[in-house]
Amino acid sequence: MLERIGISLEDDLLAQFDRLIDEKGYVNRSEAIRDLIRDALVQREWSRASGTEERVAVVALVYDHDASSLAQKLAHIQHENHKAVVSALHVHMDPHNCLEVLVLRGRAREVISMGEGLVSTKGVKFGRLLPATTGQALR
Amino acid sequence: MLERIGISLEDDLLAQFDRLIDEKGYVNRSEAIRDLIRDALVQREWSRASGTEERVAVVALVYDHDASSLAQKLAHIQHENHKAVVSALHVHMDPHNCLEVLVLRGRAREVISMGEGLVSTKGVKFGRLLPATTGQALR
Amino acid sequence: MLERIGISLEDDLLAQFDRLIDEKGYVNRSEAIRDLIRDALVQREWSRASGTEERVAVVALVYDHDASSLAQKLAHIQHENHKAVVSALHVHMDPHNCLEVLVLRGRAREVISMGEGLVSTKGVKFGRLLPATTGQALR
Amino acid sequence: MLERIGISLEDDLLAQFDRLIDEKGYVNRSEAIRDLIRDALVQREWSRASGTEERVAVVALVYDHDASSLAQKLAHIQHENHKAVVSALHVHMDPHNCLEVLVLRGRAREVISMGEGLVSTKGVKFGRLLPATTGQALR
């Protein structure tokens, strides 16, 4: 059953949103917002997995390797549960900045807690926890 | 200036959304939807960069390496513009499934077009293009 | 107890070897050859490990990803024993050539047999199996 | 033209060497020693490249990430010449030990000097500089 709700937002934001949904080919705002909500729910579903299910995640971090003890903090978080870190790809962006991409695999609780811990470490300039999959359940 | 719009959605979806915004501590639906819209705009802004700006992206792909010529197609896409692929991390999930995480860096147009091409290749079970950054403009 | 043996070699090769040992600061040919022999023995010792000991190895492969079904053959060898492949780093050297660096970890027998299988696959232009270590026994 | 030289070595070492060349199927000691010498010359040839030729190398390092400032020293060496480090694959071996595999590409002088600097950093338990290739000159 459809319900109708009202939401308020800045006219600027609305104008930009209208351009976006036009570009993406949505027929109306409701459809576009439903898609945004569904994506948010999928992401939340993933991160609420019961603690012992297997989960795979990709974590991307950008940070300054010179920043006082930051690299060491990130290494500590990873080693605390080193079996959940399949491996990490490290790219030197410039003389200071690093992009580190980690593949995590393990119990949901451990993967999510490590991923969120890394992303939220003070000093990390950019951090994302991307839910992934082993592919076993797909198709 | 605030505008008010009406959107319609399934009652089920609405109920789940209400639980989500409650968990996340939003004070009302409008604020939560504004955040979803802002995230979507950031992502679109990134992918609309003028063609020659530098962009960094992380691409995650899950696929079956046995799938007829899929791995070869993915390798072709990467080599067509090999300078934009910094490197790729490959993890064997099980006897069939692979997770491949690529770091792309180059002109916006090339990075986005390669990323979208990889993610949308037929047979890829799971694909995500995650906008990232060199970190230079941050802080 | 010291033994003395005679070996014969091309005068060219001998001249180059003499320059090499001079550069490296060896006091005589015997010492230099003993070192070469020791290295070869260490490598053989490693690869003769009883089948169930844990071993770590780094494998480097350079190949043309267009070469008929070569990439697929290499992927098959890896997936046959996917748990021994921690992960692989893939770098696109140019439009055709790839450098793939794999970290293998598992039972000696499996790690060595997979490593040697990959290195000796027909079409691989450059292949090396580098014995490594977990570091646990060191220091 | 063949020359004949005499070398002296411990009887133990000779006995092990004789077993090794027997296993490997060499017809005599001279042939086996010539192969060891050729390998050493190839390695030296590679590392004596004129300073501006392009070189590719794989560096493998095992170290304890807790060791006082070691990880930071290794990061500094890499960032000093960050363009020569294509990327690094990092594997957590256990709560303390890391295996880091780097792909270096750049001017011979820079690649070799960085590779040797990393391998010889105090505290690195295991370090190897493996000369590799772009594959362009092969076949």
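We just call them A, B, C and D in the order they show up, numbering each chain from 1.
Just so we're on the same page, a residue touches a chain if its C-beta (ideal position, glycine included) is under 8 Å from a C-beta of that chain, and two chains touch if they have at least 3 such contacts.
Everything quoted here is computed from the prediction, not taken from an experiment.
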item: Partner chains shared by chain A and chain C (touch criterion as defined above); value: B, D
item: Of B-C and B-D, whichever chain pair has more C-beta contact pairs; value: B-C
item: Computed distance of Cα centres, chain D from chain C, in Å; value: 10
item: Whole-Å gap between the CA centroids of chain B and chain D; value: 38
item: Sequence positions of chain D contacting 2 or more other chains; value: 86-87, 89, 91, 93-94, 96, 98, 103
item: Pairwise touch network: line, ring, star, complete, or other; value: complete
item: Chain A partner contacts - residues on chain B that touch it in the complex; value: 1-11, 13-14, 16-17, 20, 23, 29-30, 33-34, 36-38, 40-41, 44, 56, 58, 60, 62-64, 86-87, 89, 91, 93-94, 96-99, 101, 103, 105, 125-126, 128, 130, 132-136, 138-139
item: Residues of chain D defined as touching chain B within the complex; value: 86-87, 89, 103
item: Touch list for chain B against partner chain C, complex; value: 65, 71-72, 75, 78-80, 82, 85, 87-96, 98, 100
